[in-house]
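Listed below are the structures to be examined.
The following pair of complexes shares a single chain, chain A, combined with chain B in the former and chain C in the latter.
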Partner chain A sequence: MPFLYLRAIALIMIMFGCGFLGVFYSEKFHKRVLHLVDFQNALNTFKFNVDFLESPLYEALKNIATESSVVKKIFENISDKLRNFSNVRIDEIFKEIIHKFEEELFIKDEDVSILVEFSDKLGQGNKEHEINNINLALMKLKLSEEMAREEEKINQKLYRGIGFLVGIFIVILLV
Partner chain B sequence: MPENIKPMIEKVFELAGVFVEEIRFRVSKPLIIVTDVGSYGVLPDGSLTSIFGNAYIIRERDIKQLFQSVCENSVYAYLEEIKQGFITVRGGNRVGICGKAVVEDGKIENIRDISGINFRVSKEIIGSSDEIISNILKDEKIINTLIVSPPKGGKTTIIRDIARQISNAGFKVGIIDERSEIAAVYKGIHKNDVGLNTDVLDCVPRNLGIVMMLRSMSPDVLITDEIATKDDAKAVEQAIGCGVSIVATAHGESIDDVKTRKNIDFILGNGGFEQVITISRMGRSVNFSVARAE
Partner chain C sequence: MLGIDLIFKVAAIGIIVAVLNQLLVRSGREDQAMMTTLAGLVVVLLMVIEQISYLFETVKNMFGL
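Entry: the complex of A and B
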C-alpha cells in the first residue's frame, strides 16, 4: 500500500511539474510585454528630460525611473558608459549593454533593433529632432507591445496546456 | 577628448601648467597652445615646439570627436550656446567653435562642419584685485565701477576676485553669470571662490538677470561680465536707480574707447558708473589705471 501511495504522489508530481514548466515557459511572453511597457515608460521620462530639462544625454538617461529594475539598470549602465567614455558610438554602447543584460531581458531581437536604431541618432540633432526620434521609437515599441500582447494571449494558453498535457501523457505511459 | 590627443594635452599641462591660456584645434592645422609668453606647437609626444610645422596635425575626426565630447554627446542641450559660437564647460572654461553657420531668417540656427575649436582656460587668481579693491570698496561703500580691457586682459579673473573680496567684507553680492565663467557653477555648486555671501544667477541673459536678482535676492552689489548691449546698459541703470551698487566689465582699450559706444556710453557718469578701471597687460605684468567716469 505505501508503495502505491508513493507511486501516486510521484505521478502527480510529474504531472504538475510538467504543468509548471509550461507555465514558466509561457511567462516569457508576459515578461516581454512588461519590458516593452517599461522601455516606453523610460523613453517617456527621457523625453521629458530632453524636452523640458534639456539635460545632456548621460544625465537624461540616468534620471530614468521605471518599474522594471532591469530596464533601469540598462539605462544607468549606458549613462555611466557615456559619461566615462565620450568618444564612443552611442549605438555600440546600447548594443553592448543590452547584450550584457540579455539573460534578464525578455525582449526579442526586433525590439532590440528598435532601441539600437533609436540610439544611433541620439544626441546629434536639435531638440525637435531628438523628440521626433524618441516619438518614432515610442511608436515602434507600442506596435511591438501590441504584437507581444497577441502572442502572449495565444502562447500563454498554449504552453500552459502543453505542459499539463505532456505531464498527463507521461503519467499515462508510466501507469 | 579624443584618446590620441588626451595624453598630449596632459603632457602640455605637466610642462606649461598654469601658463596655458588657450588650446587651439583647427582641421588639418597644427595643434597650438597659447601661453602668456607666446604660442607653441604641440608635438605628438606632448612636448612643445616653436616650429608649428613640426606639431601634431589635427584630423577632421579629432575635431568631430572633440566637438561631441564638449557637447557631452548632446547637441540639443548646448544648441543655444553653439548658436552663440561658444560652450562653457565644467570649470568655467570656454570653448569657442568655428564652422559653417546655418542661418535662417537672419538668425544663426546652428554651426555645422566644425573647422576649429578653441579652449580658453579659466583662471582663478586669488588676490588678483588686491591693487584696486581699495578704489572699489571705499568707506564701507561700493563705488559703481566699470572695468575695461581688451579680450584676454583678465577682466573675468579680476571681477571674480572683486566679488570674493566684497562678499567676504559682508556685502550681499549678486553675480549675473551669463556664460558660467565667473563662478563656474556646476550642478548648483560654485567651482570658483566668489565669497561667502554671494548668490549666483547662472546662464541667464545679463539684462534679465539683473532685474531678476534685484527682485529676488535684494543684493547690495551686483557683479556682471561684459556688458555690451543697450538692454544691458538699461538694466544697469535700473539697478543703480534702485540703490544697488554695480561692478561690471566691458571690452575696450580705454575709457575713451568705451565712450564711443552708443549702447553703453550713457551709463558712464551722470548717476551711472562713477569710475572706470582700465587693465593693460604686457606679458605677465598687469597694470591698472583708475579714472573718474564723466
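Entry: the complex of A and C
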C-alpha cells in the first residue's frame, strides 16, 4: 500500500514537474517583452539626459534608472567602463557588457544587434545626431517589442499546454 | 484485464496527441504537429506490437501453419 502512494506521488511530481518546465520556458517570452520595454525606458531617460541636461556620455548612461535591475546594471557597467577606460570603442563595451549579462537577459540576437548598432553611432556627432540615433533605436525597439508581444501571445499558451500534456503523456506511459 | 488497460492507455495517448496536435497547428507549427502525431503513432505501435505478434501466433496455431 505505501508503495502505491509513493508511486502516485512520483507520477504527480512528474506531471507537475513537466508543467512547471512548460511555464518556466513560456516565461522567457514575457521577460523578453519586459526587457525590451525597459530598454526603451532607459533610452528615453538617456534622451532626456542628452537633450535637456546635456550631460556627458558616461554620466547620461549612469543616470538611467529603470524598473528592471538587469537593464540598469548593464548601463551602469557601460558607464563605469567608459569612465575608467577612455580609449576603448563604445560599441565594443556595449557588446562586452551585454555578453556579460547574457544569462539574465531574455532578448534575442536581433534586439542585441539594435543596441550594438545604436552604440556604434553613439558619441560621434553633435546633440542632434545623438537624438536622431536614439529615436531610431527607440523606433526599432518598439517594432521589436510589437513582434515580441505577438510571439508571446502565441508561444506562452503553447509551451504551458505542451508542458502539462507531455507530463500526462509520460504518466500514462509509466502507469 | 491487461487488454482493457492497454485499450485505455492507447485511448488516453490518442487524446493527448490530438490536443498537442491542435495546439501546435494553431500556433503555426504544422511540421512539429506532424512529428508529434508520428511520435504518438510510434509509441502506440511499440505498445501494441507484442499483442499483434501474439495475434499472429494464435492465427498460425489455429490453422496449424
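The rule is simple: the second predicted complex is superposed on the first by the 175 of 175 C-alpha atoms of A that agree within 3 Å, B and C clash if a C-alpha of one lies under 4 Å from a C-alpha of the other, contacts with A are read in each partner's own complex, and residues count from 1 in each chain.
Definition applied: a contact is a pair of C-beta atoms (placed from the backbone, for glycine too) under 8 Å apart; a residue touches a chain by one contact, two chains touch by 3 or more.
Please read all numbers here as calculations on a predicted model, not as lab measurements.
> After the superposition on A, what does A:Leu82 contact: first (chain B), second (chain C), both or neither?
The first partner, chain B, only.
> Go through the superposed model and pick first if A:Ile172 touches only chain B, second if only chain C, both, or neither.
Second partner only, chain C.
> Based on the superposed arrangement, let me know which partner A:Gly161 touches: chain B (first), chain C (second), both, or neither?
Touch partner of A:Gly161: chain C, not chain B.
> So, does A:Leu34 touch the first partner chain B, the second partner chain C, both, or neither?
After superposition on chain A, A:Leu34 lies in contact with neither partner.
> As a test of reading the superposition: which chain, chain B or chain C, is in touch with more residues of chain A?
Comparing touch counts on chain A for chain B and chain C gives B.
> Go through the superposed model and pick first if A:Pro56 touches only chain B, second if only chain C, both, or neither.
A:Pro56 contacts chain B only, not chain C.
> For chain B, which residues are in contact with chain A within the complex?
1-3, 65, 68-69, 71-79, 110
> Can you list the residues on chain C that touch chain A in the complex?
Residue list for chain C touching chain A: 9, 12-13, 16, 19-20, 23-24, 27-29, 43.
> Please output the residues of chain A touching chain B within their complex, sorted ascending.
For chain A paired with chain B, touching residues are 50, 54-58, 60, 82, 86-87, 90, 122-127, 129-130.
> Mind listing the chain A positions that touch chain C in their complex?
154-155, 157-158, 161-162, 165, 168-169, 172-173, 175
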